[in-house]
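Below are two complexes that have chain A in common, paired first with chain B and then with chain C.
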Partner chain A sequence: MANSTVKPTKAPNDASWLGALCLAPAVIYDTLLFLLPLIFLVWIGFWTVDNYVMVPGFSLANYSDIFQQFFSRSRYGFAMGQSLWVSATTTLLAVVLCYPFAMALAFRVPARWQRLGILLAIAPFWSSYILRLYAWQTLLNQEGLINSLLLQVGLIQAPMEIVFTQTGTRIGLLHYLAPIMILILYLALKNIDTTLLGAAQNLGANRWQVFWRVILPLTRPGVVYSAVFAMIISLGDVLSGIILGGGTGRSVFGSLPLFSTMILNEYAASTNLPRTAALATLLIVIMVLVLLVGNQFSHTES
Partner chain B sequence: MATHDLELVNIHKSYGAVTVLQAINLRVQAGEFIAIMGPSGCGKTTLLRVIAGLEGVSGGRVLLQGQDITALPVNRRNTPLVWQSFALFPHLNVRQNIAFGLTLTGFARPEIERRVGEMAVMLNLESLLERRISQLSGGQKQRVAIARSLVTKPNILLLDEPMSALDPHLRVRMQGELKRLQQTLGISFFYVTHNQNEAFSMADRVVVMNQGRIEQIGSPAEIYNAPASHFVAEFVGNNNLFDGEVVANDGQTIQIRCPQGLIRATVRQRSHPVGDRVTVVVPADRLAIAAGGAADNRLQATLRAKEFIGSQVIYFLETPTGHEVKLIQQQSFGDSMQVPVNTELELVWQLENTILLGERSLDP
Partner chain C sequence: MPPVLTASPVKTPSDRLLALGASLYLALGFGFLFLPLLALVLFSFEASRLPTLPWTGWTLDWYHALWADGRLMVALKHSLVVSPIAATLATILGFLAAYTLNRFNFLGKRLLSIVMIVPLLVPPLIMGVAFLGLLSRVNLQGKLVSVVLTHGVILIPTAIALITIRLAEISRDLEQAAWNLGATEWQALIRVVLPLAWPGIAAAWLLAFTFSFDEFIIAWFVSGFEPTLPVAIYSFMAFNLDPSLNAMGTIIFVFSILLLVGVELLVLPMLLKGRQQPGSEAG
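Now for the complex of A and B:
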């Protein structure tokens, strides 16, 4: 080469080693405590059990067993349907309830009160999730505060059944999801250049048109990612389904636990750990699918 | 028939105790290019936002083609604004940005396509219609912003310092294009800027604002040659201001005694009786360094510093009384002179280059 005397040099203040150093703890932590156990879980799913003892190997027996009875005896399919339905409706509710709140906070509340508003919105996160679920149980049960109040006032004639229903499950999940959803949506909304809203009005857009044509499309990544987050958390959660949903919520398919609860029950009751691992792997596959679909819809530009 | 595209009647605007606009009266003729000029914080952008309806008023009325629009909401005014930052929608492409105003009111698709195409041709955007906003240069963004505003066929276009985000060489070219566009369309442009060159090169009339008030309205030549107030004289051009008292007036020539010396001026519209306190304005580019011969006005000063600006050189001089005087020369001429700093010089200028300013009429 004619110009071989010229050696490529890095930028004088290139500090890529510093970036690597900062990333190292997260990478090590995730590898040891998340990725390796996950690989192990998926791997165990291919083992078999012989005389109450796990036998390592590669067999699709667990999966064929699960899919053979998917819609029959153990009704995994129905439980999965139930889980998807509860998670999807909870996610939709969470977006519909949190978006207006985040919007009011970002655009209507004076700037100096916004920090306080966010602080109050995420305050529930400082208390234990289980504790909050029991608190809801106390509030919502047949003799609870809410039912007694409504009975006293005369708005209802008989106590509402909320605890140990899917509605109960959703309430628990919503309370768990709301703080993070509000935070994500608030940040997405704050990111909007407000001159764009003025520009839309200036070009003839009324309030609704400003919302549908400008605000919502610009916060699309925030909406999609908060929804993906809500969906994945809801699919994986067992506590709300057990404590507020009563373990086996009623549904169109009859009395049926959520898929996540079913995995927990299997783990507790059965001696077939490889099959439980295979069930958990199925749930993880569903979650990854949700993430991939979400990713497809997260672009702002059309 | 409304002969005025826009009429501002006694506009007042204040935020609590802070007054940002007061007693703004202005009539924009149909098809007129008006430039609003003033330093930052003078209220020019607020005035623009008042016209667009983005800000309310504390008093006064805004009339568009004779119709009172003071209480009309922003979205029903059709007073499109070209924003300083262009404010293009990043989630839409160029075509969708231009069509935005039309898609809001239920125009038929073929009509929208036709009008967007028309705008694209007019602003030379045909090859960019499918581009994303993030792929555009500053000049292209500006043309999209203008096309987006003109697509609804408004009678008046508001522009808020649209050149400030552009490269200097592009700025000059866009000034010409903008003026041509305005003449082709025959609509009024209401152009806010702090840049004197932009205002003077494009506008039919210039409005100079300061501290929420209009200081002077006039053609660029009027503003330049006959500044109405201290502020205008200082803000526009490179002027030297001398305060003094009229000591003689023979009907043709006035003599004014200033601390710097005796200055002579021609009598124009206003008669100034002896004893009148006046301000004398001498543009820096009409001063010359004495090279012998007769001169109407002479002033002693010492050269303190020189500054080269393109083809011109600015001399900063100091009179024996300690006042600063500026002088501008073409550089080629200045080079041959090669005056060293701290040289004592005699400055001269012709009678007709002395401008008399009536004492600031807007003073409280």
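Now for the complex of A and C:
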């Protein structure tokens, strides 16, 4: 059966009732519980709240309010900037750090050990994210293990401030992203036809040339996928920004919260769902823009 | 880091340097990946409240505290109800959809396969707000069933993807043979396709379970007074930062090692199929 030719799906009762019946549950489920909530989300962004009760209608009050304090008071605009900055730097960091790791695993580790290697690399993904962040907090805080070790060895004179800065946020995000990115990049690297690499070498390319002109272009889709993945996760994550970033972590732009953290905290404080929905809708707009940019990048290759 | 290609018998000094660099980098990378896990396990047994060195002695107090406090244990129970049901729901819907997408040709099939993946691209934060908005209108918010229903949405895409990979490996001839021998399409699906798709189904279930078990933000919005484990940990952390959290982390980690063994046996052989050197074991 291994050499059976690929048949056209022509078979008895092609496209039968069975096919429709099997597909229907998932389609109905997604329509009711994915499409409908999303449409509803955008819609209630235009509702208002009166005396803690949502009032259906069509009002631009939420949006005009949000844009009025875009750069003052709540400073949503700054939070968006902080989110984009932290997400972009985290994404860059994650790709630059994970790519060589995946490459060392794919090209340097003996084949029989690679499976164990990739298994270990994705192991953290299977443990609790929030508790990993908690562990990082205990490791990285001023009296934490890492600071006290470095102080004792004499590598630093004063404890490093990592927790409650956006550096902390990035470390937490990186720890979440790394297993998946390593897996994606590893699979992309293993897909390369190794005879191409040999051919490039035989034609006189040195290692850097082989890397820049053959390996990197061939794995470009993998790089783009993993980068878009990292960007989406980073923009939508709240836990790292709160637990390691301390809510309003410091970055080069100052102590500003991430936009996602702001959405969560606003809802926790006000339970004003229409306004939260309006903020979430703005986040969707940002995401779509990011996806469009990512799409642009993945298409220029061909 | 430049690559090294086909093994050449001649080892130049730069080859060795590169090998050394690669090994060092891998060691550093694994160190980064495992450091918090090690800290979690180690400090769950440490007597002192503060997770720092020097080591002050072994204790099981934090496990007792976890048990006595009860809040996290109740939440663990909630999660152990929600996650298996959500995973099962998503796997069943995912299997059926994957079967149709793999087996039949119809108008708009490509578009539909892409659309079915979209829930994975929308951040859980946005879905959390959206779910709460809809569920609160039909009075379904704040219950465990709300978490099950909403988790189902984000779990279906990976279930479809993983099961489709497995279904694509199964020869169509087998199903046709069953028909020729008089089985109805439904019988062939249940008695032939389903058993063959089993590794993909199990892998999909495991992945779905893990996603659901670890999912925070949607559960935070919709679970209300019946928090799942990550939500309870989050509120717990606001008041007590004590090593009970390490103890809970250790329990989850041990649990996840068991899951990992499952994954090693099921998921990786599927993903790495055909990418292994000949001679190495095949799943």
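Keep in mind that, in the parts below, the second predicted complex is superposed on the first by the 259 of 302 C-alpha atoms of A that agree within 3 Å, B and C clash if a C-alpha of one lies under 4 Å from a C-alpha of the other, contacts with A are read in each partner's own complex, and residues count from 1 in each chain.
One rule holds for everything that comes next: contacts are C-beta pairs under 8 Å (C-beta built on N, C-alpha and C of every residue); 3 or more make two chains touch, one makes a residue touch a chain.
It should be emphasised that the depicted structure is a prediction, and the values quoted were computed from it without experimental measurement.
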| item | value |
| --- | --- |
| Touching partner for A:Leu84 - first (chain B), second (chain C), both, neither | neither |
| A:Pro25 touches, of chain B and chain C: first, second, both or neither? | second |
| Residues of chain A touched, compared between chain B and chain C (which is higher) | C |
| Which superposed partner A:Ala61 touches (first chain B, second chain C, both, neither) | neither |
| Touching partner for A:Leu218 - first (chain B), second (chain C), both, neither | first |
| Partner chain in contact with A:Gly198 - chain B first, chain C second, else both or neither | both |
| Which superposed partner A:Ala277 touches (first chain B, second chain C, both, neither) | second |
| Chain A residues contacted in one complex by chain B, in the other by chain C | 198, 201 |
| Touching residues (chain side chain A, partner chain C) in the complex | 1, 4, 7-9, 11-16, 18-20, 22-23, 25-27, 29-30, 33-34, 36-38, 40-41, 44, 97, 100-101, 103-105, 107-109, 111-112, 115, 117-121, 123-132, 134-136, 138-139, 143-145, 148-149, 175, 178-179, 187, 190-191, 194, 197-198, 201, 207-208, 210-211, 215, 232-233, 235-239, 243, 260, 263-264, 267, 273, 276-277, 280, 283-284, 287, 291 |
| Interface residues, chain B side, partner chain A - complex | 52, 54, 73-76, 78-81, 83, 85, 87, 89-93, 96, 100-101, 104-105, 132, 134, 148-149, 152 |
| Partner chain A, residues of chain C touching it in the complex | 1-6, 18-19, 22-23, 25-26, 29-30, 32-37, 39-40, 43, 50-53, 92-94, 96-97, 99-101, 103-106, 112, 116, 118-119, 121-127, 129-134, 136-137, 149-150, 152-153, 156, 160, 171-176, 179, 185-186, 189, 210, 214, 216-217, 220-221, 229-230, 233-234, 237, 241, 245-246, 248-249, 252-253, 256, 259-260, 263-264, 268, 271-272, 275-277, 280 |
| Residue numbers on chain A that touch chain B, as the complex places them | 193, 195-196, 198-206, 209, 213-214, 217-218, 220, 300-302 |
